[in-house]
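Note that subunit A is present in both complexes that follow, paired respectively with subunit B and with subunit C.
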Partner chain A sequence: MEEPLNRKLKPLSNKSVTLKTQSIEKSSYDVNAHDKFYAWFFLGPSLVILSIFVFYPMMRTLYLSFFLTNSLGHPSVFVGFSNYINLLTSSAYLDSLTATLIYVIAVSILTLVFGLLLAQTASKKIAGINIFRTIFSGTMGVSVSVAAIFWLFIFNPSIGLLDQVASFFHLPTINWLTQPSWAMTAVIISTVWMNLGFTFLIFFGAFQSVPKFFYEAAEIEGLSRSYQFFHITLPMISPTIFFISIITLIESFKSFGLIDLMTAGGPNNATNLLVYRIYQDAFLSGNYGSASTQSVILAIIIALFTLIQFKLLEKKVTY
Partner chain B sequence: MKHFCRLSRGCPIIRKLLLSAFALALTLVFLNTHVNAAERTKVIFWHEMTGPAQEQLNKFVANYNQSQNKYTIVPQFEGNYNEVVQKFLNTHGTDASPALFQSMDISTNQISSSNYTTPVQKFIDENNYDVSKISAVARAFYSKNGSQLSMPFNTSQPVLYYNASLLKKYKITPPPINPSYSDITRVAQQLYQRSGKKVKGLSIEIYGWFFEQFLANSGVALANNADGHEGTPTSVSFDNPAAVAAMRWIQTNIKSDAFMNYGSGSNASANEMAGFLAGKLGMFLQSSSSISQLTAGTKDKIGVTYYPHPDNKKANGVSIGGASLWISNDKSAQVQRGAWNFIKYLMTPKNQAAWQVSTGYLALNQDSQKEAVLQKLYHRYPSSKVSSDQLRKTMPNTTNSGIFMQGLIQERTFIQTAMEQIYNGGDIQKALTEAQQSMNTAVKSANKANKAKN
Partner chain C sequence: MSIELKNIAKTYDNKNWILKDINTKIETGEFFAIVGPSGCGKSTLLRMIAGLIPISSGDLQIDNRSVINLPPRERNLTMVFQDYALFPFLDVEANVGFGLKARKMPELKIKKRVAHALELVDLTALKTRKPRELSGGQRQRVALARAIASDAKICLMDEPLSNLDAQLRGKMRSEIRELQQRLGLTLIYVTHDQIEAMTMADRIMVLNNQQVQQVGSPLDIYQHPSNSFVGTFFGTPQMNILKAHCPHTHNQQLIIDPFLTFQSPLDLPAGDYFVGVRPVDFDLTTHVTRTNAFVRSVEYLGNEFIIYIKLDDSAEIRVVTSEKIDLNSNERVLIRPKNKFFIFDHSGKTISFMKGVQNNGRTSKQETQAIIQ
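This part shows the complex of A and B:
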């Protein structure tokens, strides 16, 4: 099946390559003032904007990370790497790091699994399925503050929905947001719920793009539904899974809204994730030096994770 | 170029619309600047008040602007207390900075040592303003070496609230007006037991402010150099006997299950309030400014007492909380005078009384007590007078006039972490000592960073 297709494609691709090289050679001779002007004219504005809002802050953050800042936020004492050393040897920071890793991994995996489940359910052709599709993607339209209020009501220790249900069935009540061991669970549940709308929608779209004849062939072969899911659907939508896993991972590293509104990093720093710590240090305590150091470390961590994902998952992705 | 011409020639209606909109915008801009710039001096006023307090503040501004024709106060809501400190520091010297601004209690040292403000003492002296009418304990919080740095504005003290109707229902003697720790424990236990464990007796939010007040009321300093009133603090003390006693009191109540832990942060106070209004909580510590929310939210009778003090020890009195009004020094003398005049207007007996009635913040002018609106409030809700009495009776000294040091926001973070450990059954001494060590490291590095500049 595949061979003739490849053979057919070959001459075509060769041609396009030669075309490309030709044009490159041609253009290198023709670069003149006029072209240069146009290049700067079109690239200039975005370069200016990027330098002001991206490159300069990045460099400034790196610079500040080597300083102590005074009460006005100005760098005042150069301390070299001691901000980094202090952080990486502080047990509070390392606890934060562990909490963040737990949070990120739990949120990413749960979002993926539940997103896939919902999309699979919604792909069935049943009467009234459109209502469920709307409901499943509903959290996309919910803002973080509204979600936080909603979950705070559910987790409320004296009049919360969960505890009322629990006491109705004579189950022990849990102080969701004030017990360090439960607070993280509560925040993870809320975040996954928030993420599901978007994940569902993307997965649902991907499901629709899988050609129907694969399933028809599988039906004729008499293969089970779960076999179809694992051997047709999953491989076919692997680029989407890859995309979602990276997006969710990076987004959960950067989580801020729900944490700020639900626990404010507490209790006992159980939900004090890296980004929240940076916010506290910079904008509440005014320690821009230490906050910058943490930002640099966070950037490195996210880059590392993304790199690992590319290395590990890229092989499994069939385009 | 060509493209644009063709477009406008092709659609005359759009061109006309655009032109007239442009003309309208220009006229509006012109009119606006013309009217304001002609006679009145603009005074930009940053504040962080929300809800009823914001409404009342806007009323004051409107009335003030109408009452005279020299200045126009322009109120601008700037978000929460924490953000405004950084905003103020970062905009100083630019057109975006305010002439008059409200800043929270624990930012006092930071704002003052920025040297970006004119101490209000300058205007008090120039005007021979009779400052003795303003509450002494509130003034002490915002002054240094006898000089008034800023004018106390929205001011509250922590008090203990109890549900008087619930206590009556279960035939429990209410706590005395100036209760000790064990008075409160007694009521909490009785309420929890007699309600069949349905009503929790007591709640104390995990909030650094309350911890500071336990020390203040015990007459013990939290930072050295007399809480910073006699020089820059170089170390703090969290694990002193007074702090341990207060924490042990809380832990006793937690162990007996009569205590409800609502955690920390704004959700905690909202949940605590909801629990109290729903009749599931008997007593809690909170700012005196919560009274209007409480009386509006329940039909139950509400009782108020002073802040609890240690057993076998006289109460030293608690410090205040809230925010004060500052005048920036990057504006012209005339603008600064406008800001001061507005401050004076806010501090009049009549306005302070109206402020307490509509917001729950305490009236700071002594003469406000005679105002009819305030008398009416006391008559309707006798418990609301307790907070006013507590404020009036507090004699300022170095341990109850606030902590004059930088990094108090961080101090509260460390304290709250320790309190969370203690509330979850952790060892008191260990939790406090750890927090103290963290804060001492922070103090050392902050002093290092700030000295290098000064």
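This part shows the complex of A and C:
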């Protein structure tokens, strides 16, 4: 079941294996103080950093999720699971959850589809294709803030490119960022656009690694291009599709930058996704207990989705 | 189904020719090998016949019908690839039936054909396995079964055995040959391995330097190579090529050193020539006072020895003998010719075939005379 992920992690796991064997060899000797010193000397810095910035906040979050907090974020009253119960019965939170699910699913699917399309286009042998390959992967080098400004210009209701084009063709103009349903669409479009650079690059690499003789064999059998794509290319790159879909899913659950810069959760909380809500509750309203609870729930949701994805796709990708 | 290649040529940039002047006719049911060193264009030629690569100029006919503008499928042929081209996500049965299914053949008919093909290659028991659960030889057989199942009468094979170990290769050689005979396939077989070509093919096309060097039966090619390239390419260890001098016109003597002289069957103008001698066609004498060479090293192969010898005029030669001999390196020996050798002109073209073999090859005596003049 874990084969595709293992493959991605190979260099890492190899390292840990060598580390392990070394320590086993060592333990057959007498571990003296000198060795112990070096072990702590090398492991210490990363242990300290991980503890301060990962382990402690994780534990603290879990702890705080059972408390009411004061404005400084210190726990004041132990409330058990009532934070959780309040949240899961609050319609505002459930709306935010729904918005997040729509956003995540739309972003994941669109990123996959367009990533595949771009990779397929870039695999064609035509003059100047290298220029397109560079352009397609270009968003990898664009920072979120720049992307946000760029899309704000496009979606701007008075000077925006999109509405100018629309009015040129006498189409109705849309207030992209101020109408709730369109604001979500705009954020999804921008996120997909941001994702495409990386996704394209990975898919393109996967396309290139499908051996040429499969297509030659297909040509001899007289199979159409679309049959080749669906019955040769897609199955051959299915581990990559799996990898990308997991990465995109987790990343879009964690989306923050574009939302903050483009809509700040608005209009009318239409784009107030879970992570953004956590940020607002914790750092704008000082509601640390509830924010911690939301973080824990988000972590559980992401874990659940990843698990489902593994279960659904494992049969398709192992060959 | 017969295949005719007429003046086929290939270029990618209209300047450099990858292949030129390829002419031959492959008869129905023939096992035809295309052999040459790597980079000689043999795989390109095969892909042009298959229709995977367009032909730059010339004509290709299958059963006297030009197929040059037909896509691969309509040429009604099948191909076996070096890396087998088995889909890792399909089991053996699905792999063999892949093309049939794509062509929307009825399910029952596919089942029957696949079962028949698997039976022919003796893989029925493994039909539910995935390719990664098979050994190299078994994968090779699945690829063969796929070719068989397609029912095309022309089969193209691109170095199908080069990923197998030596023992298995020997076994598969005879299996492929047997299948080809049994199914009456017209088989075009690309290989860089001269032994495969020699042992399997009815006829061999030798490619080198963008051109056909020779087309002929294995025996013909071995006994009557058209030039020194073909001579050295076939036979292991390689034929020795020695520089020889003919001092006087009509003298017929080719001299390498005082003990190593060859009597040409033809009159030769004075000048420099190359003499080709196969390693088995030297006579090696030890413990004599007059010597012309010394032993560099000896390899023992069980039933014969390969002896690396340096002549005093500095040429290195390989001698094969099955006599039990006891040689030390640096030992002085006398090398003399037996009676079989080839004479090549300065460009490598064959002037005379080995003595003792009837000259019934491609070049008649008149032609050889014409070459000399």
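In this text, the second predicted complex is superposed on the first by the 268 of 319 C-alpha atoms of A that agree within 3 Å, B and C clash if a C-alpha of one lies under 4 Å from a C-alpha of the other, contacts with A are read in each partner's own complex, and residues count from 1 in each chain.
Just so we're on the same page, contacts are C-beta pairs under 8 Å (C-beta built on N, C-alpha and C of every residue); 3 or more make two chains touch, one makes a residue touch a chain.
Just so you know, these numbers come straight off a predicted model, no measurement behind them.
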Overlay on subunit A: subunit C relative to subunit B, clash or fit: fit
Subunit B versus subunit C as contact partner of A:214, first or second or both or neither: second
Partner chain(s) touched by A:232 [first = subunit B, second = subunit C, both, neither]: second
Of subunit C and subunit B, partner touching more subunit A residues: B
First, second, both or neither for A:89, with subunit B first and subunit C second: neither
Partner chain(s) touched by A:32 [first = subunit B, second = subunit C, both, neither]: neither
Touched partner set for A:177, first subunit B, second subunit C, both or neither: first
Which superposed partner A:152 touches (first subunit B, second subunit C, both, neither): first
Shortest span in Å between Cα atoms of subunit B and of subunit C, once chain A is used as the common reference: 45
Doubly contacted residues of subunit A, that is, touched by subunit B and again by subunit C: none
Touching residues (chain side subunit A, partner subunit B) in the complex: 68-74, 76-77, 92, 152, 156-159, 175, 177-180, 261-264, 266-269, 280, 283-287, 289
Complex interface listing, subunit A residues touching subunit C: 211, 213-214, 216-223, 227, 231-232, 235-236, 238, 319
Residue ranges of subunit C in contact with subunit A within the complex: 47, 50-52, 71-74, 77-79, 81-83, 85, 87-89, 98-99, 102-103, 130, 132, 150
Residue ranges of subunit B touching subunit A (in the complex, touch as defined): 82-83, 85-86, 89-90, 110, 113-114, 200, 206, 260-268, 271, 274-275, 278, 280-281, 406-407, 409-410, 413, 416-417, 420-421, 423-424, 438, 445-446, 448-450, 452-453
